[in-house]
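First comes the structure, then the notes that go with it.
We call the chains A, B, C, D, E, F and G, going by the order they appear; numbering starts again at 1 in every chain.
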């Protein structure tokens, strides 16, 4: 019974459209009951998970492809499902306030519900293909969310970037998963996880790992794919809060965590993750310090945290697993709160720019308290949940099996990151709430928002404090099965605020001290000369897109360049290659020259006149000369038919020849009389060479085939049965109307259609001979071809 | 091949050579009526050739083909002549 | 005999190829016509032996003459001739109309629909 | 022997003749077109239900014994294609009701559509090589008529290229037929297959395979034989472009499947890698062409080429599974591509242009149109759970399982570019602000929206109910690759050669 | 060789000779108007000879009747064709050979109407 | 002249089953006769020789050809399976559905080819010939 | 019209190479069909073979049969002569020596049929091809391959041909 968790959210999407009607705040809170019910339902279903078991189910979809909807609820899924639905509940309610003035709220919430469903499906999937299905859906729905304000070019650009990066990564992931499935012999997660040793030894392992990691890194915004995430801040804040605190970006982390028991334990996996994650963590943390936009600041800290999670998976070990699970939860709580708070400030003050904010403590005291709570957890200050999580991260770094150097580097990186977080947090808080009352605040009537709007950030912020103080026990019960899933072996998890004085604590405390020391200089740090533009990556990506476009345009111009004769030339050369190469390789041996002693000179003459006619046609300088030469060729063909026992053919050919000539003369009477020498000499030489090769090829192909009598032909049957069964003595005609009358039916249809076509061509003229665009008019509703010039 | 057949075949050869002459006029023109005339004559040659062929092979069924060619030759010439007149200066 | 026809066929294909590579729409069409001649002869050559003097007409008892020509290829060619006639007529009309619309006999002038 | 197998051919043929005869009554030709197409659709569905269980159904035209007479054979692939052709034609006819002007209608628009359907159905059903050529020509000349009907300068220019290049292709097919008769002595596909199966590679049959690859490759618009397509597809009315996109190149694909699945299966050992190479090139060059364009229909046209690459990949993989995968993909793309042309056409109509730079504002003005477009491009890009995903997945799976990693990678990489170029349309046409006041744009007519929407919904349904789709096509792929079963169905269990030997002294 | 064959051969030879003459004349003579003389007459006679040869060779009445009909056809149509060619040529201004001595028609044509002013 | 030719074409049509000829040759013969007359004497000639709508004649030909395949279909036999009258009709010969089909071919061919010629000739820029006026005679030096 | 049907019927039977009653009936039917279809327009194209502005008057046939046969004999003879003549010119005369020319001949024949037959005869016979007849039908213009003496040519045609034609078709 796991599928309802997904289905409810998906089905709720159309229901959410209700929120377009007035009374949006209340409707939104009503709609928040949907994720809430999912939350409840998840808890209700989670019984076996607490005991270390799991719940599985399978709905047949495309069994032939191994693509069934297979769902599994284990510790890791449970953790994620609860975060998604829990935070989702708050976000939906919060969005009602944030977008209360916008009739598009319905659409927004519909996207959000879809997204939530996709995300739930992703984490509940018990089959990597099922997982991929939802993975892609999260990319698409997040695209819609990010591009929600699509009138703005930046929103479109951000959405496009996010989709291209995550979509491209998704493709790598798909291939990686297929390789994985190929190697494991199954796409079921349980089978894959059970086949760890086999997989690590498999020849496809490196390729699979690289491709899967490409998918995960792009999704989780690891360097160098991080740039899309700040761009995605174009989304309305509730979407950002949801996507970047708890859901979308965590999908990559989720998958790495999910697969690490099967794929981890090799240098390729562990070191890659640790290094890329550590680099991302540190880099983004430092960049975050220097932002002025509230949401950009949060975006970079998010990237940083994703790096931290990735790094911990790579560091591995018991603490790594525990740390990942705990940090996911802690981050989800404080970051969703912070995003929503940024939205509150933006909503009330009309800006998110730190330089234009300040002094809000007098006007928004409640907001300030909630923000402080969330920031304390973010900064890893003791007694907050963030502190607990950070301690585990440090433990993981200290205890890693990747060697001392790695361990040292990781600890250093975490310390630097912790310092940077503190600086960032302080800057955020002081620039917003302390100091002088800002211009923005003065221009508007700034107060604390409605209580409903504070519920959203308030609940997770308060939880960040309450969990370590009061609920570490129950939360340990949640973290443990998740950690087990990540570690792959049973472990016992007991979260605690106080582990005694240990290296981790020391590192942590010194980071806090240094951080507060530096915090005073935060503003100056931010104002230092910026990072070079390339560090943002999005510009590079834009240029990549431009280059692709330019390259594609140049290529297409070169290929589809407009001149028919070039197309024909390429076609002819292709034909020479497709036929000539196999012929030269395999067909030459079939040629047998049979010199016919009965050959008559008039036969030779008739045949010889054909090449002469051909040359005459080519050499002709007037159209009439050319027409007549072609006619002569046709007449000679007819003559050959006579000579070689085909009277019907000869007659038909002759009649057709006459008719064709009449048509040619009629039509060409309007075309120029003389041929101008259009083409340059070298072009003519080139064409002559191609033509000659073609002629030689076809001639020898004929020789080879005609002199090859591997199989007896059908012909005798027709000769023998013509009169008896076909009731006629002219076998050709009996074939035409009876044995193969069906062909003839098609043939006269061709003639008839040609007539209809010609009729239309000559009798219907809408273009009036020029290329002006045909506008649609009232009398002519057709979607006419339109101007193609640019 | 009997002597008779060989001789007839020889005549066919003469006709074939003659056809080449027609073809030459056809190509040389210079005027359209010249070409039309050459075409007409060529048709006569075709008739003659087929007729001689009928003598050799006894394919009487080709006689009707001769009929068709003859008719076409005439109609074609008339048509070309009229065509020229219609489009004259 | 076959080699004779092979030469004729080869020259037809060569000529047709050269003609369709020209810029003049007239030559293009003549090339297509020539191509169909070449193909027809090709099929003809593929028959059950190219025979002289025995058209595929059976006698009143239904007995074919000795060495009767392959009637099947003849029927096929007949079909092909008629079909290519239809196409020729269509192409002619099309060439006429596009000449009218574009005002040029030069095929290189017909490239606006490809332009990027 | 199934006497009614002729129905999908007879119904549009007589329908078209009647429609021309009754041309004075505009309603009559519409009704006839609708009725004939419905007959074909119904019959196609019946075939699809019947054929997987019964094996290929066979009928002999004029009652003559195979291999002497012309066989009609409906196996899984044919049945699917016949049904799809009728279905797509049905939507086109309905779209045409609302979009084709009276003048075109008076100049035999509907009969031409029916004749196109005739040619297509005939091509899909025939089991005779030369007969296939005839139906090819039928559909080709009908398409000539349709693409030039209207006579605007663009149509004529594009039409000329379309016509000439296609003629070259069919000429190659024709002399391929001739060579095949000269070599194999027969035209019946089953008989050819039987005889060719006895040959050991390589030999003249390998050369013949090259001829057919060229002929059908140019029909299918593979690289480097695709030029006719982008030159012309954007010039006729949308309905025509749409049905062309659905049917024309797919005939080439179908024929390649027949050639390499049945007639010259032994040659796959040699041609498989080359086909794969061509498939990859076709995918990439097609999609880059699409990326470069700035016009709705031109983008979609280049995508046709790109997607042909995927279909060809199915053959290149040289197995029943590959054919099945290719069929799934081809069926999907036929449906979705047409839907996109319909919807893009409606958008063109609203904006009065197909130039992306001058379009915009439709997400607000026509949310339904936007919805279906978005679903359509998702499907085209292979986003789950739509039909495109199934098509992509099955191809990639077969590719991986057959260790064809390179083409698999190319196929995957191409789809992101596909998505990119589609999103370009979405961005410019739907999301971007309109330069005009949105409320002044005309509303889309239901008749222009419904066919595309229906096809998109079908794509969604095919994705959600992909189980039967894949199952059907797996059988179809097996049937298309099972020479013995085909031969037995056409000529009896002893094979065509036995029939031949018994009949010819 | 039988008598029939000899007669056949003789008739055919005469016919072929005249046909050949027609072709030679067509090549040799200086302008269209004179060439028409050659083809119109020699051609007709030549074909008559050949067709008679066919009739004689087959000897049966039906074949003979058909041949006679064909000959009549040629005799009736050849002058028409020749006349029309000449007229068309004159109307379109095909040049006469330099040695032409006399042209009573000169200036008599109303070119626009294509009719003679009488 | 023309009635004779029409007769010849009908003759060619009817004897086609036994001797060279048939629907195509008969039809093409009639059509070329008519077309050459059209070229010589203008488009109205077509109506004089055969006063029908040639386009509809072509459609009728298709229809006529196609329906003679149907009797077999209704009898549960493959389309176009032949039915023959037991005895030949004196003066005409054996009559069966294939012969009737050939008649359909005959009509189609006449209709199509003649109509195409008519369409071309009725084009104002084609007939009478425009460029002939600027270049009445083509003098060239031969090929 | 009846005559036409009969001629066609006979042609039919000749083509069929069979002169039985069924052939007659079928031939009549076919002929009648053709004639009936085209009857509205028949007069013009049937006789208007390119030269003609004449009508065949069928009543004269019986009476003039003998004269016709004699005339045909004469015509055939003239044709033979003409061919030899041309053969001589083609074979033995140098091109430079030929003296072609166009000669006007006044006409006495009045009927269209007469003019048609005369013109055809002129064309078929020695060295002359009729070119055109003046609009008032008083003059016929002929092209002469070798005009040694224009008056002699005129005289020859008026005496040998026109007289005989006048007897049959005034």
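By our rule, a residue touches a chain if its C-beta (ideal position, glycine included) is under 8 Å from a C-beta of that chain, and two chains touch if they have at least 3 such contacts.
Since we're looking at a predicted model, the values are computed, not measured.
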| item | value |
| --- | --- |
| Nearest-to-centre chain - CA centroid comparison | D |
| Comparison of A-B and A-C by number of C-beta pairs in contact, larger one | A-C |
| Approximate Å spacing (C-alpha centroids) for the pair subunit D, subunit E | 58 |
| Whole-Å separation of chain centres (CA-atom averages), subunit C against subunit G | 41 |
| Whole-Å gap between the CA centroids of subunit E and subunit G | 14 |
| Geometric centre distance via CA averages, subunit G-subunit F, whole Å | 30 |
| Where subunit C touches two or more other chains at once, by residue number | 20, 25, 28, 38, 42, 45-48, 53, 55, 57, 72-73, 76, 78-79, 82-83, 86-87, 89-90, 92-97, 100-101, 107, 110-114, 116 |
| Contacts with 2+ other chains: residues of subunit A | 553, 556-557, 560, 562, 564, 568, 572, 600, 615-616, 624-625, 629, 643, 647-648, 651-652, 655-656, 658-659, 662-663, 667, 669-672, 698, 702, 705-706, 713-714, 716, 718, 720, 729-730, 732, 736, 738-745, 747-755, 757-759, 761-763, 765, 767, 769-771, 788, 790 |
| Multi-partner residues of subunit E (each touching 2 or more other chains) | 24, 36, 66, 80, 84, 86-87, 92-94 |
| Touch list for subunit B against partner subunit E, complex | 2-4, 7-8, 11, 14-15, 17-19, 21-22, 24-25, 31-34, 36-38, 40-41, 44-45, 47-48, 51-52, 54-55, 58, 60, 63, 66-67, 70-71, 74, 77-78, 80-82, 84-85, 88-89 |
| Subunit F residues within the subunit A interface of the complex | 16-25, 28-29, 31-32, 35-36, 39, 55, 58-59, 61-62, 65-66, 69, 79-80, 82, 84, 94, 96, 98-99, 101-102, 104-105, 108-109, 111-113, 115-117, 119-121, 123, 125-127, 129-132, 135, 138, 140, 143 |
| Contact footprint of subunit G on subunit F as seen in their complex | 1-4, 6-8, 10-11, 15, 37, 40-41, 45, 47-51, 89-92 |
| Partner subunit F, residues of subunit G touching it in the complex | 4, 8, 11-12, 15-16, 20-27, 30-31, 34-35, 37-38, 40-42, 44-46, 48-50 |
| In the complex, subunit D residues that touch subunit C | 130, 134, 137, 141, 144-145, 148, 151-154, 156-161, 163-164, 167-168, 171, 174-175, 177-179, 181-183, 185, 187, 230-232, 234-235, 292-293 |
